[in-house]
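The following pair of complexes shares a single chain, chain A, combined with chain B in the former and chain C in the latter.
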Partner chain A sequence: MPPLLAEIAQLVVNGVMAGTILAVPAIGLTAIYAVLRFPNFALASHATIGAFAGYIANVKLGLPILPSVGLAFLAAGAVGVATDEVVLKQFRPAGFITTAIASIALTIALENIVRFAFGNELRGYALPIERDWRFGSIRVGPQQVQNLAVAAAAMVMLFSFLAFTRTGKAMRAVADNPMLASIKGINADMISRLVNFVGMGLAGLGGMLIGLDTTIDPLTGFRSILSVFAAAVVGGLGSIPGAVVGALTVGVGEELCLLFLSPDYRSAVGFVAILLVLTLRPRGILGQRAY
Partner chain B sequence: MMRVHRMTTSRRDFVKGAGALVLVGLAPAIVHGQGATIQLGVLTPLTGAGGFDGPRMLKAMKAVIDEVNASGGVSGRQFELVVEDDETNPEAAVRAARKLIDVTKVPAIMGTWASAVTTAVAPLCWESRTFLTTVSGADSITKLPHQGYLIRTQPNNYLQAAKHAEFIASMGVKRCYIMSIQAPFSQPTQERATEVLKQKGSQMVGGLIYDKDKTTYRSEVDQALKTNPDCIYLNGYAPDVTILLRDLYRADYKGLRFAQSYAVTSKVLESLPVEVTEGVITVQPSADIGSPAYDLAKKRLGIAEPDSYETQATDWASLVVLSIAKAKMATGTAIRDNVRKISQGNGTKVYSAVEGLKLLAQGKEINYEGASGPCDFTDIGDIIDCKFRYNKISGGKPSLLKVA
Partner chain C sequence: MENYVIAMAVSAGIYALMALGVNVIWGMAGMVNLGLVGFFAVGAYVSALLTLKLGLPIAAGMGAGALATSLVGALVALITVRLRGDYLAIVTLGFAETIRIVASNTIWLTNGTDGISGIAGPYRGTLSPEAFNLLYLAIVGTIVTVAYLLAERLRASPFGRVLRAIRDDEQVAAVAGKHVALFKVKAFAIGAGALGLAGALYAHYTSYIAPDIFVPLLTLYIKLALLAGGLGNNRGAIIGAFAIVFLLESTRFAIPLVPGVSAVQGAALRELLIAALLIVLLRYRPQGLVPEQLRQIPARAVPPGRYQPTA
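Moving on, here comes the complex of A and B:
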């Protein structure tokens, strides 16, 4: 393979890996937006909470990675339901902007609770680091492949849930037309709890996947929230397949830009993508239909 | 029943009161001339981010002052430290500095730690002709128009980059690559290290500045490895250097990895598998552990290994006391004009304030050699040379490679 082509291939591979992990919390953000109609920035701290729940399961309780990942999902989901019930729900009648700002305040509060409990230092999962596999000139990490598999499995499960179960269909109905859904007797409160559980659970899962590849600290979620938000907006805020497409676009875009730009501009790519999409196609790549 | 008195002040009372106020205001100046205590200001972070270093620096200064007082002080005059907490916060620091300058009227303030604090306090000092000593590292600090009223014992970025590059070249590295986090120090460090490597017969084959807050640096690592370096200088902070070390391990990089100690902390070492950090070399400014001044500081403080901050604080107190003794005057300007006369040049080398005071009393010239280093200053108040401690990580623990 010519060197330039090999480089592009490597960047695309890296981008797909990064994008897939980004997609998990991005789906969470977009699903919550689809049903509750506000961008819940508290996703950042829930990603951190998931990462720390997984850490407790893996390092303190000695569980293997897969059950720990499951626990990260459950813990972040449960905290998500609780915080929404206690905090954000009260703000929703005040409107979209107020609730979004409240979610920022909530995320800072939760992040500091994690900091209070665990301190600021970096922590790592009990996981050996393996050397990369090499396919010709392309490098792929075994851990990344495992993360990719977990992320893909989570997405398949979510899509099946939305497509084939009654509750999943009810969720889509509320997202599409809350008025009609309520006339049909769908309990909107129950659906909002459910979407918070699933959305924040996915955030927690994403937080742990990020941590598996790196280390965790109370800022784990906060560091990635801008890319997650970019992914959701680019794909079309409110569209679940859109979040996946957006995450892959942002992930691959951030990597490919390295061909022309210095790496310190990498984060700018997400914002340029938001700008372009909002200018040229305000509804996002896949529009705003939930599913 | 309580009676309410009308508050009346006669003209005579007023004149009496005003006279008393004037006397009180003049008091320090008068007692100054009569051999009373000389008050020195300490402005150091006892709380906030610097709360770990501040109290230890204070202890080191106090130990020197106690020793000087026990030996009789300067011309029979004792010293007293007036301590304020800068809270590692520029606003609190400015308030505290104002108090030291306007109320206590100290000739010197010692101990600012954070660069933001020093940058805020320095103008108050040079405008009021108060001498300031600091550990803040930002290059910009000594470039302020401080007219000589500021010295720092901490190596600045420029000196650090040069020393690091010298060390890397001395390890036989031929092709070095530098990966820096996006920060004010990145560009200057890259430029200076490139320059020095070239002078030493080595080469900087490339460098990049990466974005912080990324979850992976695989592509950055690929860019670095394309240049086939035998050393990678990881010039970042703990969260990103951790990820870089992982990614370099995954990419099977076998060359030297070099980083600042603050980026490879004991917590970082705990969080990473041993094989990932094996062989990493870390660097930090060091106390001059071979110097007799260092041995004296150890005894004075009663601790086995005083660190860079404790030894720098030892040196500030010593330099200020010796400058006052040399000038025979306790003003900020006198300290400014004399600090280089007692810290560098051809005088007899002395390793403590007490030793220096004896020779000064005999009318001899001295050259104070400190516990933190030789304490020789450039015109703008930077140290010319200092020692660095190089550690090699093995089995997840740092072990001393050398101090040079």
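Moving on, here comes the complex of A and C:
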């Protein structure tokens, strides 16, 4: 293969891996948006909380990666339900501006609780050092493949939950038409708690998966929030399949830009993607409407 | 000690200018700007670079900083103006982060994370530090006063009334024949211009800017200042800015006194406190501690049988 083509192939592979991981928190964001109708910026700190919960499980308690990832989901989900119940829920009647500002304040508050407990140092998970697998000229790390598998498994579980269970269908009904859902006797409070649990849990899971690739610190979540929002907006805010498509697009796009940009600008690429989509097709690839 | 008080008064003035700008965007037009620190940064960098690299006079640099920020603000608003307001929230937040990323990595222009130092201040070389501080306080004071008068004029003008109408009900404003999108873009550009001017004032005062000065926390400070003073209320914006600087400075002295808390933990506690305070104020006083005073229009007698408003 000519070197440029080989490089592009490698970047696309990396992009698909990064995009699959990005899809996890992006689904969380878009699911919360679909049911509660506001962009929840507190997602950033919940990703950090998940990453740190996984760190405690993996490094302090010595658990293997898979159960730690599960704990990251549960911890971030539980914190998500609690913070929504105590803080954000009160703001919903006041409209989305107030709620969005409150969610930013909440994310900074939670991030600082993590900083108070753990400090600013970079921390890494206890991972075995493994040689990359090689397929022709393309290199893939075994840990990346495991992350990919975890992300894919989480998505398959979520899709089956939404498609086949009664609660999953109720959740979709509320997202689709809250008034009709309440006439049908669906308990909106229960659904909003559930969507916070699942959505913030996915954010925490995503935070840990991102951390497994690099290191974690209190800003882990905030640093990736731009890419997560880009994924959700590109795919169409409120559409779960859209979040997956958007995340893959943003993931591959961020990697391909490395051909002519330094990696430091990676998150800026997400912002450009947001601007492009909002200018050309505001509802995103699979979204319904944006006005 | 006097120098410290004057320096705090200067930062309060800069915060007040930002609060006045955000008041136009949020308080009057009801638009959200979660990345106001990004606009502040644009003004600071544009003015610093123009005076340092092209040798422009300070006043021209500040003017250019404000103008450039205003144009950027108009562009940001233009992209999202026909969409749901949540998109503006996402775009403004992303904008601030992107500015920080660009400022951190475009080393040939901004000197990266090391920041730009040696930014000129008016007569900094010829005056004693005390005299410089006083002069700068006078400059900031004058600009804030002018900005306050302009903001008051704006609030009372037909333009301001349309903004409030849009804030309270966009559809009604549109039905009344107002070009809602145009008004929103203008309001955002005006507010962004004030944020840019504040950034330029900051840069020429401290003589040093770096990307990690422009963190999201600063956005919260200004929201808090505005809420403390009263949303939609210009005098409140100024009072709130002074209150927040006082609060920030007193926690700076108080938190190190808490036993067993390291420097990082102290900083974390302080940010936690600010965020918590903002949440509490937003929750219990969403209109601010001093709510906007709207002129009451006396109810006219309605002939019997005609539509009678219920409230």
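Assume the second predicted complex is superposed on the first by the 281 of 291 C-alpha atoms of A that agree within 3 Å, B and C clash if a C-alpha of one lies under 4 Å from a C-alpha of the other, contacts with A are read in each partner's own complex, and residues count from 1 in each chain.
In this section, a contact is a pair of C-beta atoms (placed from the backbone, for glycine too) under 8 Å apart; a residue touches a chain by one contact, two chains touch by 3 or more.
Predicted model only: the values in this text are computed from it and were never measured.
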Item to complete: Would you check which partner chain A:237 touches, where first means chain B only, second means chain C only, and both and neither mean what they say?
Response: second
Practice prompt. For A:275, select first, second, both or neither according to whether it touches chain B, chain C, the two together, or no partner.
Written response: second
Practice prompt. Check the residue A:262 against both partner chains and state whether it touches chain B (first), chain C (second), both, or neither.
Written response: both
Discussion item. Per the contact definition in the header, classify A:91: touching chain B only (first), chain C only (second), both, or neither.
Written reply: second
Fill in: First, second, both or neither for A:164, with chain B first and chain C second
neither
Response to the item:
Max touched-residue count on chain A (chain B vs chain C) belongs to chain C
Item to complete: Share the list of chain A residues that count as touching for chain B in one structure and for chain C in the other.
Response: 262, 264-265, 267
Worksheet, complete the sentence: chain A residues touching chain C in their complex are 33, 38-39, 41, 87, 90-91, 94, 96-98, 100-102, 104-106, 108-109, 112-113, 115-116, 119-120, 222, 225-226, 229-230, 233, 237, 262, 264-265, 267-268, 270-271, 274-275, 278-279, 282, 290-291
Worksheet entry | In the complex, chain A residues that touch chain B | 7, 10-11, 14, 17-18, 21, 121-124, 127-132, 139, 141, 143, 210, 213-215, 217, 219, 223-224, 255, 258, 262-267
Discussion item. Which stretch or stretches of chain C touch chain A in the complex?
Written reply: 26, 30-32, 34, 79-80, 82-87, 89-91, 93-95, 97-98, 101-102, 104-105, 216-217, 219-220, 223, 262, 264-265, 267-269, 271-272, 274-276, 278-279, 282-283, 286
Item to complete: Would you pull the chain B residues touching chain A in the complex into a rising list?
Response: 182, 208-211, 213-220, 222-223, 238-239, 242-243, 246, 249-252, 265, 267-268, 270-273, 275-276
